[in-house]
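If you scroll down you'll find the structure; I have some questions about it.
Chains: A, B, C, D, E and F, in written order; residue numbering restarts at 1 for each.
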Amino acid sequence: MDAPNPVLIMVINMTIVFAVLYILGLFIRLIHVIDPTKIKKAEPKKEAIKPVEQVQVPKDDMADKTLAAIIVTSLMAYGCKDFEIKSIRKL
Amino acid sequence: MDAFLVAIQSVWTDSGYVALNMGNITMIVVGLILLYLAIGKGYEPLLLTPIAFGCVLANFPNNGFHEGVMWAIGQGIQMEIFPPLIFLGVGAMTDFGPLIANPNTLMLGAAAQFGVFVALGGAMLLGFNVQEAASIGIIGGADGPTAIYLATKLAPDLLGAIAVAAYSYMSLVPLIQPPIMRLFTTKEERAIKMGQLREVTRFERIVFPIMATIIISLLLPPIASLIGMLMLGNLFRESGVTDRLSDTSQNALCNIVTIFLALGTGLTMSADKFLRLQTVEIIFLGLVAFAGGTAAGVLFGKVMCKLSGGKINPLIGSAGVSAVPMAARVSQIEGQKANPSNYLLMHAMGPNVAGVIGTAVAAGTMLAMFGG
Amino acid sequence: MDAFLVAIQSVWTDSGYVALNMGNITMIVVGLILLYLAIGKGYEPLLLTPIAFGCVLANFPNNGFHEGVMWAIGQGIQMEIFPPLIFLGVGAMTDFGPLIANPNTLMLGAAAQFGVFVALGGAMLLGFNVQEAASIGIIGGADGPTAIYLATKLAPDLLGAIAVAAYSYMSLVPLIQPPIMRLFTTKEERAIKMGQLREVTRFERIVFPIMATIIISLLLPPIASLIGMLMLGNLFRESGVTDRLSDTSQNALCNIVTIFLALGTGLTMSADKFLRLQTVEIIFLGLVAFAGGTAAGVLFGKVMCKLSGGKINPLIGSAGVSAVPMAARVSQIEGQKANPSNYLLMHAMGPNVAGVIGTAVAAGTMLAMFGG
Amino acid sequence: MDAFLVAIQSVWTDSGYVALNMGNITMIVVGLILLYLAIGKGYEPLLLTPIAFGCVLANFPNNGFHEGVMWAIGQGIQMEIFPPLIFLGVGAMTDFGPLIANPNTLMLGAAAQFGVFVALGGAMLLGFNVQEAASIGIIGGADGPTAIYLATKLAPDLLGAIAVAAYSYMSLVPLIQPPIMRLFTTKEERAIKMGQLREVTRFERIVFPIMATIIISLLLPPIASLIGMLMLGNLFRESGVTDRLSDTSQNALCNIVTIFLALGTGLTMSADKFLRLQTVEIIFLGLVAFAGGTAAGVLFGKVMCKLSGGKINPLIGSAGVSAVPMAARVSQIEGQKANPSNYLLMHAMGPNVAGVIGTAVAAGTMLAMFGG
Amino acid sequence: MDAPNPVLIMVINMTIVFAVLYILGLFIRLIHVIDPTKIKKAEPKKEAIKPVEQVQVPKDDMADKTLAAIIVTSLMAYGCKDFEIKSIRKL
Amino acid sequence: MDAPNPVLIMVINMTIVFAVLYILGLFIRLIHVIDPTKIKKAEPKKEAIKPVEQVQVPKDDMADKTLAAIIVTSLMAYGCKDFEIKSIRKL
């Protein structure tokens, strides 16, 4: 970075910060999905769990909407390597 | 009698009183003012008290701190040994549960880093080079250890001013944030009540720090030791089988390192490094960074509020600057002012701890871009 | 937009993801498996958790651990500073009373070192040099700090594998030992009840660590710092006038050093050192060593049983491998299975703590013979 | 069989038994005697136990202490890292309230330093050079960390003897002081009751350590780190907002450093440094110093008694040698013997803590005059 | 110090020790005088404070008498620089 | 040790380990014998102590029998220096 432009630095860095934390969020959701201890608890108390899940679905939905523009476009523009990032998601 | 006078005179001549210059005196006064802020005003006293005392000590002429315990403490600062050890304790003290329960709040922790880059830009406009500007910007992250870690690596001469600004503004969060929060939100938004957070399982709590370490450290190796220690401390806390280590990380070790880190930071505050226009600029930019981060957090909270159909109270966005747990408490207080039955604290803890990770990521990004 | 992409690309290019090779990935997976064993299975979690986490961290490319806190922790390992400090805490936690009450149990602690030398011989047959073989053999001593101390001095490249094997098998003692104990003993022998141990006076408890230090350190100078610290810790415990120091040795200091020692041990686990056939051989030899030590302890117990006219239950012999206090508990459980009114725990504590001394002596002997 | 004997013989040849000389044996016996004094007689056991144990360890031939943990501890001594850290804990434990309530008692703390200079003069007459004489004199200050700090800087070869003399006489204060106190006072003087001390405000308690640091460190830079740490610890105690740091300074950190400082001091006690006529002279001069300090304190107390019109009990003067809080308790006990309703403890705490500052000032003066 | 005389060393050092601790005592008194928290407490309880102050005045007086000879003369003899020391007193 | 033989190493080392721990055991017994605090306690409760001593005597006996072959012979074979080892026993 020989001639850094403050605005460009901000855009680059905020993109990375958002991307990293967004990916972290995806993994948190993944942990919740694969959580073996959660499933055991869910079955006996199905009625109690359902409303919580209804609350959560719109949130996930909203998050995807919010970040679709910022994150996905910037990452997609980058080339084939970002598919590697996404593949980590499926670990 | 003559020998007596000669001896007394020689002790006096070698004393600090004779060598004392205006720079020393001013810095000692600065140290005393910081002590007043720490003890009298209660600004982050655990850190500002030893920082301020170190500032006083560092400005005694001929103090011989090029050797002995003060030299050793200085080495621990220069070699970046202390900040990751503090983060070990921070990790052991941090409950990531609210974040895991509602991972969307990570976005608020990201948005609040905006202040970091506003201040970075401002610093560059004021003539700081990009390394210095990054170190100044990080004040807006409201994370002392991260700020000290970054400043030590990128701009060691500014370390004292940056640490003082970071810790001072962190304790001023209850004064700085509320007006900004009210400016950008309507009473209706502030009154929004948020649903109960779901329970987080032990499995999730244990896997989270491990996974976060891997994802972040692989992408941003310069902060591997910071994130690694933070998450190791959290793993000690959550594993349920390492309580001894969690306890020591939070208490004995964290307190010992806090004393050394803060005293050592104060010891870097020599007159030639601190008594410059730059220090005033840093303090001003720090305020810009805090305000910018708060505003960005609240505004992003408004966006999330809209997108969620009014289920998210934008006030929790300001907690994304971290300053754990003070910023979250400010969200709680402002929420209750608008709606006395409102209870935002746990929801604000999500962005609050996300802000710690966000600032570390921002520091890592800047190190990756501007580091040696 | 072009500059944006270039910058993002450069961060990515410098990241660990690009530099990650199969060795790193495998070692990270090894670290995760060890974390599962530590936290999920409860294998020596106080040590295996930070070892495993260190293993994960060490395998992030470009992590910069050649400086900073991780470098400093590595120095503490390389310079053999941590194991004697752990032994200070172990000494402060150890009650040598049962050993003093029945000094014959020292012989069981000696016999159980047989496994060390079986594994040493096996390692030499597999092509390890004598220094490496000695370090591998010591796994059978079931004393983590001694094993790390010896491996650091004689075979630093094997440190990670040896520490992992030692701590893993130590927690597997309840699985490894019982079949061997039953194989070599009859039901009648296992049912033998042992008489009450005599009371040990404060005088004996105080003189013992001092005397043991002198006798052993004079004969085997290479372990003077290990035995010295172990016995100083015990003296703090027994003197009755240094409770503050005993408490700190067992808690704050021991926990801090445990975090550093274990994390630092994990940090040595790079792919090139760990992903070798040798590691599998070490793990196999470690099992041989544990099994050999257990068998030798039980068989020597049978000899002592005969010579004492049936007054000694051979089950206490297996406790001679140390793994304090788990091996003693295994003796207790097996004894009670054969005779529900049997209470062997205190009798097994004698060989158990004797095994700590025995392993240190074995390490000292090997250092005297094969050390630089 | 031949190889067997050769190997056993080589272990024996390299052992400490073969290399053991009369010097080692004598020093090990010295160490054992000191252990007896520490544990059996209760002479400052927290310090004398590890000092004595270190003395024993240091005299094992070929102990390899030029590396490893013992080397590291030795570095902490040589680099003067430990004494200021002990003073951090001492400061956190010290209540300067009685001194602030009655600042005249500072003069008693000054007067009691007379013993330091009597011993200094005596040492010079016995042929010690002025640096050595200063280090010997400071024994009379009855402050272990200050004595170790000064001896490390001015006469490192005498460190062991000076530390042993200082800590031994400190525990002998209840035997040394009373006859001297009675010799120089009348029964009427000893029976004097002193008025209640005024209440000291939090403001005074907070400003005192800050101000004392500035005044003393500026005048005597060589003790800036000692006085600075003492007063920082006291500030942690009195600020009311840094209890975590005060607690750690007094407990975990202080205990850890005590173990290292005392063990490391003992490790300097090699036969060639300790088994000299000088050691006997040092022990004799230490007694002179203690007695001289006690006498000077009491006599100055008599002067103050006269000048105050009989309001001051001269018995509190002997507490000026410090040895906190034992010397103050001796004043209390002697006062009560003369007048059962007498309660001098709090009044004696003033000179007692003043003696700590006085000894540090005396050390600083001598460093300013005779230091490198 | 090439030819140190033990008695001279003693006199010099004791002078400095007394001087430093005496000056420290003056500052302790100064702190008490300027203590803002003391004044607030003093006003409501004037009767209770007075006897304490009566006890203290003679003490201060006595201390000045005691040390006048030792400290002041030795310092005064030293020249103009000691006025700097005294000026610190007025901080 | 240029050409180490594993069996020889084992024998040498086990001999030393047994020897050191055996000597340690002798010293533990010595401590018990010279223990001044034990004697005081023993006198008032002679009946209670005796049976414990009866239990202990055969143990000591057994230990000597067990180790006579291993330790004493190997040490005796070594020459005059091992008498120094034994002399430590009489400290």
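FYI, a contact is a pair of C-beta atoms (placed from the backbone, for glycine too) under 8 Å apart; a residue touches a chain by one contact, two chains touch by 3 or more.
Here the structure is a predicted model, which is why all the values come from computation and not from measurement.
Asker: Pick from A-B, B-E or C-F: which interface has over half of its contact pairs in common with D-F?
Answerer: Repeat interface, by the over-half criterion: B-E.
Asker: Approximately how many whole Å separate the CA-defined centres of subunit B and subunit D?
Answerer: Between these chains, centre-to-centre, one finds 40 Å.
Asker: Rounded to the nearest whole Å, what is the centre-to-centre distance of subunit E and subunit F, using the mean of the C-alpha atoms as each centre?
Answerer: 69
Asker: State, to the nearest whole Å, the distance from the C-alpha centre of subunit B to the C-alpha centre of subunit F.
Answerer: So the centroids are 61 Å from each other.
Asker: By the touch rule stated above, which residues of subunit E touch at least two different other chains?
Answerer: Touching at least two other chains: 1, 12, 16, 88.
Asker: Can you pull out the residues of subunit C that are in contact with at least two other chains?
Answerer: In subunit C, residues 7, 11-12, 17, 219-220, 252, 365, 369 touch at least two other chains, as defined above.
Asker: What's the complete list of touching chain pairs for this entry?
Answerer: Contact pairs between chains: A-B, A-C, B-C, B-D, B-E, C-D, C-F, D-E, D-F.
Asker: Using the touch rule from the top, collect the residues of subunit E that touch subunit B in their complex.
Answerer: 1, 5, 8, 11-12, 15-16, 74, 77-79, 81, 84-85, 88
Asker: Using the touch definition from the top, list the residues of subunit B that touch subunit A in their complex.
Answerer: 99-100, 102-104, 106-107, 109-111, 113-114, 116-118, 120-121, 124-125, 130, 133, 195, 198, 201-204, 207-208, 211-212, 215-216, 219-220, 303-304, 307-309, 311, 354, 357-358, 361-362, 365-366, 369-370
Asker: Touching residues of subunit C toward subunit D in the complex: what are they?
Answerer: Going through subunit C, the ones touching subunit D are 79-82, 84-85, 88, 206, 210, 213-214, 217-222, 224-225, 228-229, 232, 235-236, 239-242, 244-245, 247-249, 252-253, 365, 368-369.
Asker: For subunit D, which residues are in contact with subunit C within the complex?
Answerer: My answer: residues 7, 10-11, 14-17, 20, 28, 32, 35, 38-39, 42, 45-46, 49-50, 53, 56-57, 60-65, 67-72, 251-252, 255-256, 258-259, 263.
Asker: Using the touch definition up top, name the residues of subunit E that touch subunit D in the complex.
Answerer: 1, 4, 6-7, 9-10, 12-14, 16-18, 20-29, 31-32, 35-38, 41, 52, 55-56, 58-60, 62-63, 65-67, 88
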